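First chain A sits with chain B, and in the next complex the same chain sits with chain C.
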Partner chain A sequence: MRRRLHRPTTLVAAATAGVLLLGACGAGGRDDDGGGGDGGDGGGGATAPGVTEDSIKIGAHFPLTGVAAPGYNEIPTGAKAYFDYVNAQGGVHGRQIEYVVRDDGYNPTNTSSVTNELVLEEEIFAMVGGLGTPTHSAVVDFLNDEGVPDFFVSSGSLQWGDDPEAYPYTFGWQPDYEIEGKIIGQYVAENMPDAKVGLFLQDDDFGDDAEKGVRQFLDDQVVAAERYTSGNTDVGPQIAGLQAAGADLVLSFNTPSYTALSQLVALRLGYEPQWFYTNVGSDADLVGSLLSRFSEGAVEGGSSSLDGVMTTEYIPGVDQPDDPWVQLWQKVWDEHGEKGKLTNYRVYGMSHAYAFVQALQAAGEDLTRDGIVEAMEEVGADLEGPQLAPFRYSSDSHLGISGMRVVEIQDGAGEDLTPVLITDIGDAEIVEDDSGQDGDAPPENGVPEAP
Partner chain B sequence: MAALRTRASAWWAGSILGRHLLVALLGLVVVVVVLESSSDFRNLQLASMAYLGIAAGGLTVLTGLNGQISLGHGALMAIGAYTTALLLDDREASTPLPLVVLAAVVVTLLVGIAVGAAAARLHGPYLAGATLALAVAVPGIALYFKEQLGGEQGLRVVLPDIPAWVLDLAYFVTGQDLTRSRYVAYLAWLTLVITFVLLANLARSRVGRRWRAVRDDEVAAELAGVHLGRARVSAFVVSAAAAGAAGAMMALTVRLAAPSGFTLTLSLTLLSAVVLGGLGSLAGALLGAALLTFLPQVVTDIGVDAGLSDIRAAELAPLVYGVVMVLVILLAPAGIVGTVRTALLKRRLRRSAAAQTRTAGTNPTAPGTPGTPTTDPATTTSKGSTT
Partner chain C sequence: MQQLLNTALGGLTLGMVYAAFALALVLIWRSTRVVNFAQAPMAMVTTFVALVIVDAGHSYWLAFAAALASGLVLGAVIERVVVRPVEGGPEINAVILTLGLFIVLHALAAVIFGNRYRSFPAPFGVRGIEVGGTTIALTGFGIFTILAVLVTMGLLLLLFQRTDIGLRMRASAFNPEVARLLGVRVGRMLTLGWALASVVGSLAGLLIAGGSLVHPGYMDSVVVYGFVAAVLGGLDSPFGAVVGGLLLGLALSFVSGYVGSQLVALAALVILMLVLVLRPGGLFAQTAARRV
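Coming up: the complex of A and B.
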């Protein structure tokens, strides 16, 4: 017998057994910690998974580490600060919100495994604000199969809301890229009819949806469309292509890193068009710091680095300290935030956290997974909030905020060029918003009430 | 009784295939027991461990037994995963799962032949460079053929419904209904066991001896009549096939084949699993895979429990992983399994040496001292490595 132990194959078996048993033991321990009860039945009775008399557990996946982390990893800190603020005021229907964030490093494989952990082990009631198009794509089927409410995906892809029959539990939040493209397209067509337009697009849903929107209005004016692949940091050929085509207005649908990269390349090439960046890529503070980092200090960063650039805006940001919403966020951050100052990413996190608290209020005291989805379809379009334009939620659409305004950045702050414009995907007309959403203010205590 | 034992041990020593199958059977029993007694989430985690284990097993054969280094195994997994995704694009996809896996293996194998043929001409850093190019290029192919391969967003993988007979069988054996997560975990572990039996057999056969001969001394191997190129290509192809199977399992577990899942990091991760566990050892590959799968979550949980913020806790995992890696390389350069095995072997040598001196009775005053006959340990080692 002793001899056998020396056989490598036996070692394989022994190691397999040992490792498997370890895994199993871990499973046993964790389940006990979880407070008992296997929530595998999936919302049969009044109590949904993750919900108790006095608590609600929700989860999210964000890139907390890796290349996509700068900026984006601040979103959950903002959301957490707001949930803590609400908890300090007594929670929602007497329940404290427990917010579990997991790092996926912006890698869909990791998103899949952390979502398994959140849903199957942590038994979250809902996913709130999971970030990224390719990452969230990996789990949207799973969440809908399991019947987990998948609220306010942090991405403007159309797929989160244009087909509620396919994904009944998924809701978008920010304006989708197509309507952003439409609003920008119409603005340019009306105000700069002679501009030669170049498009600088991320080569996925983001760029495709936006291009579709832009071309509805500008098809004749577009002289070049260049695409970059996220992850490839050399955008020299694309920018040179735009320059060669003679574009004097560049509409860019890209992430913040690529705003900085495109600015640096244009500087090097002596290319000085009018830049128009998507809301996603135009955070002046972040781009400023990226600029000085990428250029190793040669370009002075700072929030004024994007002055003169046009962009869009759908929630008030830190550049508007007088806005009542921003004042609320500042108060929340001062009371419950971590180190560091309030940033636009944290404001983004707080804004969707606010919307989720509204959804919980609307779903009532008997909280179920189907109940909150129904409530959102019913009242979602009338919700007040920091967003400048109303949501589009209904039983036919789970798309988020319906519009935005065009602004020009001066001294790091946006100056309005248009009123808030709203529209929808497809041929829907672009009209001025008359809901008064951009003029509203948060309730006194900063916690939304049931609508 | 004694006769039976002698016969059993003779069979154990004589029949390599029989031994491997017996171990595999035991392994399967352990798998069933463990999967049945763990939660859905653990099942999926174990499935991840299985696919990493399969790929690392293939890589450890290539690097440990044949001495070739590959930084491109993540790309080979991508090929297996994309093949699976293309065959399983909706629930009505009629290709049975075993065929899908087989197709993934075959396609990856063909790619392996092409890459292997090129790789056989290269050595050390050049080979690393060539396979590195593979790791960088393959995700690019998925981006370029956006229409067919889904671009950045990748292809969704839809797990077909579990066949009725599998459900019945599972219920008959275990008395529990088979969940989808558990089904995936069974598939992955079954594939792992089959792959490991095949790899273990190959490694102990003439083919495996040739691989080792080429690794140890090319000139000597060639003089002994081993065709260098053929041995290298065959090792690469076998290893690629394992990566293909791993890719198929990964696609089923993750439910997605996207370029960002198959970055260079994946290839390096596999290599680090192999190094952690111990080069050339299948047990080591499995151990490395287990560390890769469980360590990040355990560390993050510890971090959160210790009151760190989410971001800090998330940053802890790569740090601890790096520290573990450095420690293993410093303290156990042969990898965890390699070091344990060496230690066991040493102890055994010392004991048998002691036994020798005692039975010989020539010098009872110094039992087990170093300096006792060295012939015996030598024969034991050579026996250990050739059987």
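Coming up: the complex of A and C.
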């Protein structure tokens, strides 16, 4: 019934360019964290740009404004709190970490210009945690051409790590969307073999990679696949399509705003399938706050709004206050955070900041851009941290965390449905993780040692 | 069948919002011969005014009225203070000015109200109506949207066709010199035109926000679609604006549902181009194309 044209990306880009032109003009306000004067090479043993005897300057691009901002704009506040915490303990090899965040509004054009600023004017040593698939795609070539370490991209696209020869300086961090699709696909195939599966996908690498993973296990069970374009908030036609196809289990690979929108549209349509959201879009607190206002108790406000929804998790979150990692994050946030409470997005920021501090430790005192990349390829797979499953870093793969567990949300907290499962892209088998990463604890002072 | 119905109903509700927005553009066009691109951020600002009032614990309807009232004031003030100095010059000056206003209002709203996505309440619930066991994609708020836009269109038609003040507004837009000679206070008519248009724009803002999420850029796509709808119906015709909005809403909903949501913006531009090539005056233009 519904025919999908074959990736007419350029056409659409040309068409939307006109439409977006107006939108792009507005909503200004750039966040000028840091940006202190002492950029450039300093003396001492290190010669890398952005590194001096007593400081390292790193940068990141995040959507601090616009459609993708809710939640995501909290990630850099978490990372900054953790870097400040490390700085307060003397920094890494005596160097204080200076963290410069720029707002790209989730608009690839802006990402290019702010990345130029960061690399050429601010002279950052490395990009850390730059967020978004379409946004980071716009700068990944530039960063690699310039030889800027591009660590821990905040996106699960495969392109950050499946071909290190193409992008030797880029490393992924979170589990890629394909393995999430595989793990969800296998879970559904084993536990819900009679479900009629509908897919609700963001129309880019996010949805495509996930679909590839899901279809490895569920191709026969999928009755419909609908795609929404990020930025177009009317998802009514897509959800109506899933309903018409009779899907009683919807696997959704979307961002948090679209979780709220899809729930709203489902109410309008009287459509009540079992929902299974990607970990990207399933933050119960955030979605709950977006849905909280809708009247007549039609939508439960607060964290219980996603009760019964299935999702996955790969790092402990604020719903597990007894986890030693979460206790560390809470302490960091209390001591160095801004206003507001600790959220899962801040935990995410702290978690990748933790990994970056580990990378700096591993690279040693004579910090160079090539040195830190080599160090990650050598020891990256052994790094301990909040992640439930180990990283996959090696000279053959720069993909990040190797697995996750499937959970069901109850009262805003995830209840485990499976143990931690690990796998890799392609035909790699899905197996139970035995690394012991799940259940480990951070070091006493909360700052990682060199591995 | 149900999908067809639901896609159509979704398009109908959305089309009504485009229609309201197109009405606002038509109003300003009729009274000043300017296309007001700042209409979207003006409506956004008044919607945020409503949200502030709701946040303070007052009722939805108080907020609704306050938003419309602030739209009236905002429209009048902008005409008097910002647009008036360039009136009388080439019309393109005023159009460019509205583009500038677009950016200024956007930035101001981001500073004052913040850039977060926030949910906006709806007074009639967000569940679809049940008919014979199946739910159709028409909410109480959707029905309110449709009625509100139809009533607004009716009132505007009455104003322009049946009242003295409407006649004076049309006269001052059509030929300010002659109108002035005949004793029409042209300046006041222009202010009134902007104020009324801003109220209608605010209504569109409230209708699209209800039961959904708002942020400073949430109206930006609506200004484009509203403009296409207005051109489709003919920039001179309130009735045409509503029909144009409906047609566009339905067309875009079907494109999104049956072709692909990535083609929605493209489809709108194709429609715009087709109209401009085949019927530059729009489907319902009452006068022959004016030559300048």
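The rule is short, and it goes like this: the second predicted complex is superposed on the first by the 397 of 451 C-alpha atoms of A that agree within 3 Å, B and C clash if a C-alpha of one lies under 4 Å from a C-alpha of the other, contacts with A are read in each partner's own complex, and residues count from 1 in each chain.
Assume contacts are C-beta pairs under 8 Å (C-beta built on N, C-alpha and C of every residue); 3 or more make two chains touch, one makes a residue touch a chain.
The shown structure was predicted, so the numbers you read here are calculated from the model rather than taken from an experiment.
Undergrad: Quick one: is A:441 in contact with chain B, with chain C, with both, or with neither? Answer first, second, both or neither.
TA: Touch partners of A:441: none, neither chain B nor chain C.
Undergrad: Once the structures are superposed on A, label A:166 by its partner contacts, choosing first (chain B), second (chain C), both or neither.
TA: In the superposed model, A:166 contacts neither chain B nor chain C.
Undergrad: Using the touch definition from the top, say if A:88 reaches chain B (first), chain C (second), both or neither.
TA: Neither partner.
Undergrad: If we overlay the two complexes on their shared chain A, which of chain B and chain C does A:428 touch? Say first, second, both or neither.
TA: In the superposed model, A:428 contacts neither chain B nor chain C.
Undergrad: Which partner does A:117 contact after superposing on A: first (chain B), second (chain C), both, neither?
TA: first
Undergrad: For A:229, decide between first (touching chain B), second (touching chain C), both and neither.
TA: both
Undergrad: State whether A:65 touches chain B only (first), chain C only (second), both chains, or neither.
TA: both
Undergrad: Looking at the overlay, does A:133 come into contact with chain B only (first), chain C only (second), both, or neither?
TA: Once the two structures are laid over each other on A, A:133 reaches chain B alone.
Undergrad: Counting contacts the way the document defines them, which residues of chain A are shared by the two interfaces, the one with chain B and the one with chain C?
TA: 3-5, 8, 11-12, 15-16, 19, 22-23, 26-28, 64-65, 73, 203, 229, 231.
Undergrad: Chain A touches which residues of chain C in the complex?
TA: 2-3, 6-7, 10, 14, 37, 40-41, 99, 102-103, 105-107, 110-111, 115-128, 130, 134-135, 137, 139, 211-213, 215-218, 220-221, 223-224, 253-254, 256-266, 268-269
Undergrad: In their shared complex, at which residues does chain A touch chain B?
TA: 3-17, 19-24, 26-28, 30-31, 38, 40, 64-65, 73, 76-77, 80, 101-103, 106-109, 112-113, 116-117, 120-121, 133-135, 137-138, 141-142, 203-205, 229-231, 338
Undergrad: Okay, in this complex, where on chain A does chain C touch?
TA: For this pair, the touching residues of chain A are 1-5, 8, 11-12, 15-16, 18-19, 22-23, 25-29, 64-67, 69-70, 73, 203, 227-229, 231-238, 240-241, 243-244, 257, 260-261, 264, 267-271, 289-296, 298-299.
Undergrad: Which of the residues in chain B end up touching chain A in this complex?
TA: That would be residues 9, 12, 19-20, 23, 26-27, 30-31, 34, 37-42, 44-46, 48-49, 140, 143, 146, 151-154, 156, 158, 179, 181, 196, 200, 250, 253-256, 258, 260-261, 263, 265-266, 281-283, 286-287, 290, 294, 297-298, 300, 309-311, 314-315, 317-318, 337, 340-341, 344-345, 348, 384 of chain B.
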